[in-house]
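Take this structure, written in C-alpha cells, and hold onto it; I'll ask about it next.
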Amino acid sequence: MTVNLVLLQLFTGLALGSVFVLLGVGLSLIFGLLTVVNFAHGAFYMVGAYVGVFALAHLGNFWLAMAAVPIIVGGMGLVVERFLVRPLYGRGIDYPLLLTFGLGLVLVELVRIIYGLEGVPFDVPEVLQGAVDLGIGWFPLYRLFLIVVTAVLVFALWLFLEKTSYGLVIRAGASDPEIMRVLGVDISTVWLVVFGIGTGIAGLAGVLSAPMTSVIPDMGTTVLVQAFVVTVVGGMGSLLGAVVAGLLVGVVVSMTALFYPELSDLAMFMLMAAVLLVRPQGLFGRKGLMG
Amino acid sequence: MSDTAEPRPKAYWSRIVDAIARHRALAVLVVLLIFPFVLPYEALASNIVIFGLFALGFNLVFGYTGVLSFGHAAFFGVGAYGTGIAIVHLGLPWWVAMLIGVLAAGVTAMIMGALAIRTRGIYFAMVTLALAQCVYYIVYQMKGWSGGENGLNGVIVGQIDLGFASIDLLDPMQKYFFTLTFVALAIFIFSRILASGFGAVLEAVRENEDRARACGYDVRLTKWLAFVISGLFCGLAGALNAIHLSVVPIEILHYHMSGQVVMMALLGGMGTFFGPFAGAIVFLLLEDVVTTMTTHWQLILGLVFMACVLFFPRGVWGSVLQWVRR
Amino acid sequence: MTKERHFKKGVQTRRQILKTGLAGSAAVLAAPWIGRPAFAQGESIKIGFPVPLTGPYGSEAQEQARCAQIAIDKFNEAGGLDGRMAELLVRDDKLKSGEAATRTLELIEKDGVDFVCGSLSASVQLAVNTVCAERGKIYNSISQSDAINEAENFSKYTFHEAMNPHMTAGAVGDYVFKNSGKRVAFLIADYAYGHEMARGFKVAGEKYGIEVVAEVKHPLASKDFSTFLPQIQAARPDVLCLCNFGFDQLNSLKQARSFGMKEQMMMVAPALLYNQRRAGGASVYSGVVGATNYYWKLEDEIATAKAFNDVYRAGNDGAPPSDYGAYGYAGVGVLLNAVTAAGSTDTDGVIEQLEAMKYDLYKGEEHYRTCDHQAVQSVFIIESKDEADMENEYDVFRILEKDGASEDMLRSCESLGL
Amino acid sequence: MSHDTPILAVRGATMRFGGFTALSNVTADFPVGELTAIIGPNGAGKSTLFNILSGAFPPTEGEVLFNGTNVAGKRQHHFARMGISKSFQITNVFPELSVQENVRVAVQAMTRRFDLWTPRSRYREMIDRAVELLRVVGLENHRGRLASELAHGEQRSLEIAMAMACEPKVLLLDEPTAGMSPEETVGVIDVILTLAKSCTIILVEHKMKLVMDISDQILVLHHGEFLAKGAPHEIRANDEVKRVYLGEGRK
C-alpha cells in the first residue's frame, strides 16, 4: 500500500462525500425548517434521474436536462407540500413521516409502470467522459465535475439563506414560526418554497448520480438512509453540518473501503452512532430541536 | 366513557367496545382462535399473530412510553437468530432454543437501550437505527453461525412431544395453535404489565417527563426498562418466526423490518392495546391479497398509507374507538 | 425505446399469465387465491413458481414466469398426463427469503402444489429448499448457487437446474487464464454467491499459475464503487474478475470504465446477463467476457433452442428469450417430462425419473448428477459486442467457446459431503 | 444534626449559562417549618435558584445542603425521593390521565416504582391517599375527569396535591397563584397555609401583598445576587429593597 494510494483514497472519499452532501442538503433543509422527516426523499431522487432520462430524450442536451430536472421535481415538491403535507402540520412528526413513506412507495411504483423494471441506460456526456491523471492516480472526470457542482450549489444556497431578504425570512421562520406570524409574513408560503427547494435538490442529485449508477426504480432506497445519516451526523437543519458531515462520511467510508472493504457500509452507521452518543444533537445541530 | 343517560344508536357499540376494553386479552384471544378458519391460509394467520406480537412489543416503547425507535428489527432478528442458531448449530431442544432467542434479544435491548436512552426525539430514532444496522452487519459477518446473506436454513423442529400429546409442526393448523399459545401468553403478560403500577409510570412518563421526574421517578431507568421489556416481546416474536418459517432470513434484521413495524403500529393506532394487532392484520392481509392480484401492490399499499394518514390519523383501531365513543 | 416492449409483457399479472397460457381451458380461469379451481378432468398438476416479480430483478422474474408458462402450454397441448392438465402458480417472493418461505408455505399448504420451481437469488432458493425438503416436495431451483449442492442443504427432493458458480467461474476462468495475462484482481460481492465465484476462478487458475494481485470485497448491493476501484487499479492487474451479479455488476463496470480501467485490463464477469447487458448499454459492456447458460443465437446450431425461441418470439413481438427466462422454461419443462415418464405425479416416481433422465429442452443434452441433483450442462463463454458489430438490438453477445456438458466441471461428490 | 440545622441551604451557589451569570454566589438558609418566599424583580435569578433547590440542575459552583449534607449534582428524582417536592411555574400535570390517577401516580413514586405485575387497581391504600389529598385541595368531586379538562386554577391545585403526594419535607412552589382569578387565589392560599403547618415551604412569587401576608421569611434577589433576607416587616423597611423595587418601577 503506497502513500499515493492512501492519498487517492482520501480524495476519493472527499469526492464521494460531495455526493453525500448533495443527497443530504435537501433533506436537512426540509427537516430543519419544517420538522418534516421526508421519507420520500429517495423517491424524489429517483424521479429526478428518470425526469433526466426523459428530458435528455426530448431536449437532447445533458446540460438542459440537468437544468430542467430540479425545476420539474421541485415543482412536484410544491404540489406535494401544498396538498398532502400541509394538512398535517401541527400533528407531530409521525404523520408526515408516514405520509411521505406512502408517497415514496407510490412514486416508485408509478415509475415502474411508466418505465418498467429493467432500468434505462444513461451515459456520461461526451465531454465529461474518461479519467484524469491527478499525479497520485487516475480519477474520473465526471466525479471532479460533481465536486464542482456541489460546491456551486452549496455556495448558492448559502448566499440565498444568508444574504437575501427571503433567506432571512426563512431562517427566522425556522427559529420561531410565531415571530413570522407577528411580523405578518405568510409562513405557509415559506414552507412551500423550502419544500420545493429541498425536493428540487433531491431531484438534481438523482440526475447527477444517474451516469454513475443504474437508473432503476429502486435506486432511491439506499439513498434515503445515506441522506439521513448525513443529516443526522451534521445536525438536522444545519447547512454547514450537512456539508461537513457529508465529506466526513465520504472519507470514513472510503478509508474503511481501503482497509476493511466489506465493512464500508457499516462504517457510516458506526460514525453516526458514535457522533450521536457523544453529541446527541449532531455536529452542528441546535440543542433541544425535536425534544 | 360517557355517562349520559340519553339513548343513542352508538351506545350499543360503545358498550361492546367497553366490554372489549375491560377484557382485552380475552377479546384478542377470541378473535385469534377463529382466525385460521377465516383467512386464506394458515401460514398467513401464523404470520399475522407473530407480527402482531412484534408490533405489540414495539408499541410498549412507541405508544405507551412515547419513544420512537427505528431499531426494533434488531430484537426481532436476534430472537430469531438466537433460536435458529441454538437449534441448527447447538442441537438444543426447541424450548431451550426459544428461551435463548428471547434472552439474546433482551440482552441486545439492554445494550442498545443503555446507549440510546440519553438521546431524545428523532435522534433517538436515528441512534436506534444506527445501532440496529450494526447488529445487522455483525450477524451478517458471523457467516459460520448465521449463514450470512444466505440466511440460516434448516431451523426444523418437526414433532414436539409433550408427554401427554404431540404436536406436528408440519401441520399448518397445529403450528398455528402452537404459535398462538405463546402469543396468548405474551398478550396476557403484556396486559398485566400495562395494568400494573409500572404501566402507570409509563403513562406518566409519556404524558409528562418533567412532572414524572419531579414526582421522584427515574425517567431514564423507566424508559430503559420499557425498552428491554419491549425487546423481550419482540424477541419472542422473532423466535416464533424462526420456528414458523424454518429459516431465518438476513432481511429480518434490516431496517426495513423496523420501518414495517412502525407502520403497523401507526396504521393500527399507536398507544391503543389492539392497535398493533389491527395494524398487523391490515398490513399483512392487504399485502397478501394485493400481491396476488397485481405486481403493483406497492402502489396500493402506498395509497392506503396516505389515505390513512390524511383521513384516519388515529389508525384503524383508534378510528373505530373514536367513532364508537363520539 | 426497446425496453418498452419488454415492459408491456412485464406487467402481466399472474392471472394474466395463467389466462393467456391456458386460454380455452376453463379449469384454471378462476383466480387461484379465491379458491381451488374447478377440475375439468381430475385435479390439475400444479407447479408452484415463487420468483421476485417485484424488486430489482422483476423483469428477469417475469420472464422466467413467461417461459415457464411456455413449458406448461407445451405439456397441455400434448394432452397433459392422460388428460390431466398442468397449471403454473406464480407467486411474488419479492427477492426476500422470509417472503419466499411464506409463499412456499402458501403454495404447499393452501394450493396443494405438486412441485415447486423457481427463485432468482442464492439465499431465497435455500429458504424455499428448506421449506420444500421439510415437507417432502420436489423443488427445482433455477438460480445459481454452490451451497444448494452441499450436504447441509441437499435433500433427495432438491434439484438444481441452474448452473452453479463453480461451473461458470471455472469455465470462464479456464478460457481467460489460458489466453490472457496471469496478474488477476478480484472484485467480490461479499456474500456466498460472490465468494463461490471467486473460489471457482481460483480453482481454475491454479493450473495456469495465476497471481492474485488484489482482492477487494464490497458489500452486497453497493451503489458506489469508487472507493473500491483505486486499490485494484493500483495493483495493475491484467484481468479483473467481477464476482458480483446484476446491478452490482453493471454499476461496478460503469464506474470502472470511468476510472479508465477498461483500457488497462480485461474485464471478466461469470454471470453475464442478457437483460443486464441491454439495460447497461453496449458501450459499458463491450469487450467484457463471461459465461451464460443460454444465448438465443444458439438456435443456429441447436434445434431445441430454435424451437423454444420460435414459440417465445411468437408471443413476445419477435423478441428472443433471455438466459434466466430459459431457466424457467427448462426448470418446469423437465419436471413435466419426468411426470410424463413416470406416468404420475407421485414424488418418488418423479424423483426416480429425474435422476435417470437425459433431456434436451433448449440447449443440448443435460442430466442430473445422482449425488447432488445438479444439472450437468454446457457452459457458453460469451463476449459482449461493440455497438458497431451488432446486427440488431438483440444481437449483444458473441459466442467464444462451448464447454460441453461434463461432470468434470463440478466439485466432487465427496467434497460436497455427499 | 442539631435542631438548628436548616433543612435546606445553599452555600455560594453560582449558575452560569454560557457567558451569562444567572446567579452569583448566593448563600441562604431555609429553616425547618418556615415558609420562605423568594422575591426579586425580573431577571433576579429567582427561577434559577428555585431550579437549583429543587434539583432540576446543579449549580455551576457552590453547594446545596439538605439537612447539612451536600446534594448538589444528584439527579432530579433523587431530590424528590429525599423529600424535596416541587410544583412548576407553568401548569404541569399529566393531561390525559384522570385527576385521581395524577395524584395516585405521584403517591406511587414513593414506593412501587417497578412493580410489573400487581394491577394498580389493587393499590387500595394509594388510592385512598390520593382521594384524601384531593380533598385537601378541594378537588375530590373531580376525581374521574381528565386533568386536561380542569380549569387553570384547578390544575394548579391538582399540582399542589401531586407535590404533597411524596410526603415532602420541603415543598417548593413556583408562582403557585400565577394566572389565577382572585377567588382561586384565595383558595390556593388557604391550601398553602394548611400545608405550612406540616412542612417547610419555599415559594417564588411576585405578588408582593401575598408574600408579605403569608411568609415567615423573605429572601430578596437582585441581578442574580443576594440582596436581603428577613421577616416581612424587616424587608418592608429595607432601603435597598425599596430602591430596587421603586427603581425598577420607574422605568
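Which chain is which? They are A, B, C and D, in the order written, and residues in each are numbered from 1.
Methods note: a contact is a pair of C-beta atoms (placed from the backbone, for glycine too) under 8 Å apart; a residue touches a chain by one contact, two chains touch by 3 or more.
Since the structure is predicted, the reported quantities are computational estimates derived from the model, not experimental observations.
Relative to the C-alpha centre of chain A, the farthest chain centre belongs to D.
Inter-chain spacing, taken between the CA centroids of chain C and chain D, is 75 Å. For the pair chain A and chain B, the distance between C-alpha centroids works out to 33 Å.
In whole angstrom, the spacing between the mean C-alpha positions of chain B and chain D is 42.
Rounded to whole angstrom units, the spacing between the C-alpha centres of chain A and chain C is 36. Annotation for chain A: residues 112-113, 262-263, 265 touch two or more other chains.
Residue numbers of chain B whose C-beta contacts span two or more other chains: 296, 298. If you check each pair of chains against the touch rule, the ones that pass are A-B, A-C, B-C, B-D. Interface of chain D with chain B (complex): residues 54, 75-77, 80-81, 85-86, 88, 92-97, 101, 104-106, 108-110, 112-121, 123, 162-163, 165-166.
Within the complex formed with chain A, the chain B residues making contact are 68, 115, 118-123, 126-127, 129-131, 133-134, 137, 141, 255, 259, 263, 266, 270, 296, 298-299, 301-306, 308-310, 313. Residue ranges on chain A touching chain B, taken from their complex, read 37, 84, 87-88, 91, 93-95, 98-99, 101-106, 108-110, 112-113, 225, 228-229, 232, 236, 262-263, 265-266, 269-270, 272-273, 276-277, 280-282, 289-291. Those residues of chain A that touch chain C in the shared complex are 2, 4-5, 8-9, 12-13, 15-16, 19, 112-113, 115-121, 123-124, 129-131, 137-143, 209, 211-214, 216, 218-219, 222-223, 253-254, 257-258, 261-265. Of all residues in chain C, only 11, 13-15, 31, 33, 53-54, 58, 62, 91-92, 96-98, 101-102, 105-106, 109-110, 122-123, 126-127, 129-131, 134-135, 147, 152-153, 190-193, 220 touch chain B in the complex they form.
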